[in-house]
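Below, each structure is written out as C-alpha cells.
You will see chain A twice below: alongside chain B first, and alongside chain C after that.
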Partner chain A sequence: MRRAILAVTATVAGLVALLSFKTHSSERTVAAAQPAASLPPGERAITGNVADTAYGPVQVQVVVKATKIVKVNILEQPTSTQNDLQIGQFAFPRLIAETLSAQSARIDTVSGATYTSGGYVKSLQSALDNGA
Partner chain B sequence: MATAVGPRALLAAIAAGAAAVLALWWHSTLSLSGLGGWLTGAGEILGLLAGYAVVVLVLLMARIRPIERGIGADRLARWHAMGGRYVIGLVSGHALTIVWGYAVTAHASPVSETATLLTNYPDVLMATVAWFLLLGVALVSARAVRRKMSYETWYYLHFYTYLAIALAFSHQFADGAAFTSSLVARFWWSVLYLLVATLVIWYRVWVPARDFARHQLRVAGVRQEGPRTVSIYISGRRLRELAAEPGQFFRWRFLTRDLWWQSHPYSLSAVPSDELMRITVQDVGEHSAALASLRPGTRVIAEGPFGAFIPDRTNRSVLLLAGGVGITPLRAMFAALSGTVTLIYRASTWQDVVFQAELDAIAEARGATVHYVVGSRQDLGGDPLSPTVLRRLAPGLHRMDVYLCGPPGMTGTAVAALTEAGVPRRRIHFESFEF
Partner chain C sequence: MPSATPVIDVRVRHAEHVMGTVVSFDVPASARADGSLDAAIRWLHWADRVFSPYRADSDVSLLARAEITVDGCAPEMAEVIAACAFIHDLSGGYFTASPGGQFDPSGYVKGWAVERAAALLSRAGSADHLVNGGGDVQCAGGRGAGEPWRVGIADPLRPGRLALVVEARDCAVATSGTAERGPHIVDPHTGRPAAGLASLTVIGPSLALADAYATAAFAMGPSLARDWTDCLDGYEAFAITESGKTWQTPAFARHLTPT
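Right, the complex of A and B next:
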C-alpha cells in the first residue's frame, strides 16, 4: 500500500513538473477574435460550433452580408503540434476560398488535411444553420 | 558460460527508455494553453508511458534467457506484478485526463466528449476495448480473485494482454500528437514493439520448439522418494548443450492426454548428465499428483534452464539451507560444489526427508557435512534455526555464502536469523517459488 501511494505521488509530481516547465501560451479568447461591433453595416458574424477532430477542435465564424458569405474567420484550430499549425496554414486559406466560391459548406476536403477539413466543414455548416 | 543481465543494468535500460518517451512528448509539444492544455498534456504523457510500459511488462515475462539468469524468474514475476498494477493506473489515468482535457478545450461535457472520442476519433473504440481487457486481466490477478482460480485459468486469461496491446496500438499513431507529426517517432515506436514481439516469439515459441526437436526428451522412469514425493528421470540427447546448472529449473510440459496443456517449473534435483536429468516433486496439487503415474517414454517439452539461483563458485565456503521440498535444487548443488560445504536440512517429520542415502553418500565422498534438523518446534525445544544453532552447525558462518530454499515462511525467518548471525545480506541467496 505504501509503495502504491509512493508510485502515484511520484507520477503525479513528475507530471506536474514536466507540464509546468513546458511553455504556456495565454488562453485563447474565442469571442474576441472578431468583435461584431466593428463590422460594416449590413454584415453580421455568425459563430459556428466547435468541431472536434483527431488533432484538436476547429471553430469558424462566417461573416454574412444579406445571404452572401463574404468572409470566414478561423477562431480555433488544432495547435498541439508544429505540424498541426502547418496543416492549418496550408489548408484554411484553400478551404475559405472554396467556401467563398461555393457559398456553402459543400466543399471538397483538402488532401493531407482530412480531419482539419472535416472539422472546418462541420463548424461552418453549424454556423450557416445558426444563421439561417 | 551463459551471459546474464543483472537487475541494475535492466532497470537502467528501462529508465532510459522512459526518459526517451518523455523526451518524445517534450519535443512534440509546442505549448500548453489553459486547463485543457494541462489535462491533455498529462493525458498524452500518461498514454505514452503506458504504451511504453506495457511492452516492458511483456519483455519481463518473455523468458529471455540472459535476463532470467541475471535476475531470476521469481524477481521478474514480482516486478511484472508490480508493474502491471502501475500500467493499469497509467492507462486509466490516460483515458480520464484525455477525455477531460479534450472536453475542456472543446467546451463540451465529459459525457458528450466521451461519445465524440469513441465515435469520431480513429481507433479509440478499439483502444477502449483494450483498456477493459486490461482491467479484466488486472481483476483476475488481484489476490482475492486469483486464489479462487486455477493457475491455468489465470495463466491463459493473461494472454488477453497481447490482444489488448494489439487493439490499442493503432490509436497511438492515429490520434497521438507525438506520432501524427513525426515519422521518426512512429518508426522507432514500431521498432520497439516489433523487437519485443520478436523476442517473445523467439524465446517463448522458437527456442522451446528447437530444443524439443534437438534433445528428444522422454520420461525415463519415476521413483517414489517418500510418501508424498516422486522423482522423475528424463532422458535426452546432448543435454550438456542446454548448459543447465545445479540450482536452476525448467518449465516442464509432459505430453500426455491430461497434462500437455500445463507447464510447471521444477528444479533439477541432481547434476544433469549429457543423457539424463532428474526433477523431484512433492505432491501438493493435482498436477504433481498426476506426475507419479507418468509412463516411461512419455515425451517432454522442457523450457529452460531458468533461474538466477546458481552457486557463485568463487567462495570456497558454502552453507546450503533447505526447508522441506526446498531440498531439490540444493541436492543438485550439494553434489556439484567443491570446497567446504555444509548442508542443513530442515523437515517437520522424518517421513518428509528425502534423498537421505544420497546426501549421506555425497557427504562421505566429498568430506562435506549434512545436518538433519527434523521435528516440530516443540519437539526441538525452541527455534530450530536460531542464529546460535546456525553458528554451531556451520562454524565460520559469517564468511560463508548461503543458499536458501524452502517455503516462504521459512525463507523469511531464516534470512533474519542468518543476518543476525553475521552473514551479509548480499551473500544470502534464495529464490521463492510462489507463482
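Right, the complex of A and C next:
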C-alpha cells in the first residue's frame, strides 16, 4: 500500500508543481467530478484531497489492484482558459504515465546531481519522502 | 501489564533541511524511539556549523581567514584536511579542498557527514537504513524481505526520469552532474567548468570517498574519468556524456537490477 500511496503523492505533487508555474485569473469553471464506474473484482478507488493550485482546484483518484496503481483519474481540473485545456490534453497524460513508470521501478531513493533546498521540492526524492 | 506484542517493522521517513540541501532518512521506527535519528540530525547540523564556508563564524571560515589554526578547530578538521589531501593526490589534483584558491572542503564534507550520520544509526543497532544527502546515498542492509535497496539514478538529460536502477546493500551511491545547479564543477587545472559529462555515478563502501571520487572524475571529463575510475579499488562508476552516451566500469554490472 505504501508504494501506491507514494504514487498518489507524486502525482498530486507533480500536478501542483505544473499548475504553479504561472499566475491565473480568478475566473474558472470546474469539470464535473466523474464517480468511478463499477470496478472489476479486486480493484478499488482511492480519491485524494482537492489540491488548490494557482489555476484552480485539482483532484486525483487512483484505482488500485492489490498494491499496484492500475489507473489514474483526474476528477477535477481547471478548464476556463486555452492554457488549462492544453494542460488537460497534454500535461496530465504525461504526468500520469510518469507516475505509473516510477511505480514500476519500485525505487527507494534517487541518486543524482545535488539539489538545493528549493530544487528538492520538485524532486522525485521529495515525492518518495512524502509517500510513507 | 500487557504481554509483549509482536515486533512490527514500521519504517520512518524524515527529510531534514541542512547543509544547503535536504537529507532524507529511511530508518526503522526503533531509530526514532531510541533517539539515534535525532542524534544523526543533530550531527549534520553540527557539521554544517563547523564546516560551512557560508557561515562567517564556522571553523572553515576562520581557518580560511587565518584567524585560527587547525589546532584551534574541532578535532574533525584535521581528519577532513587529511582526507582531502589524500583524494587530491589520488586524483592528480582534479579534486581540491581549495576551489578558487580559498580553503573550502565542501566537496568532501557533505558525503562524509552523511556517511557518519548513517554510521550513528548502525552503532545504535539499526541494520537496515538509508540516508540520502541531496542525491548522494549511504545505505546499510536492505529494503526488507532480504532484498537490497533500489536506488534510481536520475537521468541528467530528461529531468524527472531515471537513467537506470541499481541495487545497493551496505554501500554508497554518489552522483555528480550539472542537472540541478548548472555547470558548477570546475576543472582545477584550467579554472573552467568541466565539460563532456552530464553525470557520473560512483558506487562503493564509503560515501565520503564515493562523493569525492565522483566530483574528481566529473572534472576530468569523459575520457580521463573512464581510465581513472577503472583503477579505483572497490569503487565502480557509471557515466552519461553530454550527448547521451553511457559507459561503466566492468564490475558496475554487479549492481544492475536483473530486469
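Here is the rule we go by: the second predicted complex is superposed on the first by the 66 of 132 C-alpha atoms of A that agree within 3 Å, B and C clash if a C-alpha of one lies under 4 Å from a C-alpha of the other, contacts with A are read in each partner's own complex, and residues count from 1 in each chain.
What we mean here is this: contacts are C-beta pairs under 8 Å (C-beta built on N, C-alpha and C of every residue); 3 or more make two chains touch, one makes a residue touch a chain.
Please read these numbers as outputs of a predicted model, since none were measured by experiment.
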Partner chain(s) touched by A:Ser117 [first = chain B, second = chain C, both, neither]: second
Which superposed partner A:Ala105 touches (first chain B, second chain C, both, neither): second
First (chain B), second (chain C), both or neither touched by A:Asp129: second
Which superposed partner A:Thr79 touches (first chain B, second chain C, both, neither): first
Partner chain(s) touched by A:Pro57 [first = chain B, second = chain C, both, neither]: first
List of chain A residues in touch with chain C within their complex: 98, 101-102, 105-117, 119-120, 124-126, 128-132
In the complex, chain C residues that touch chain A: 11-15, 17, 20-22, 24, 26, 110, 130, 132-137, 139, 143, 149-154, 156, 160-162, 165, 173-181, 199, 201
Footprint of chain B on chain A - complex, ascending: 3-4, 7-8, 11, 15, 18-19, 22-28, 50, 52-57, 79-85
Parts of chain B lying in touch with chain A, wherever the complex brings them together: 22, 25-26, 28-34, 37-38, 40-42, 45-46, 82, 85-86, 89-90, 93, 102, 105-108, 113, 116, 120-122, 174-175, 177-178, 180-182
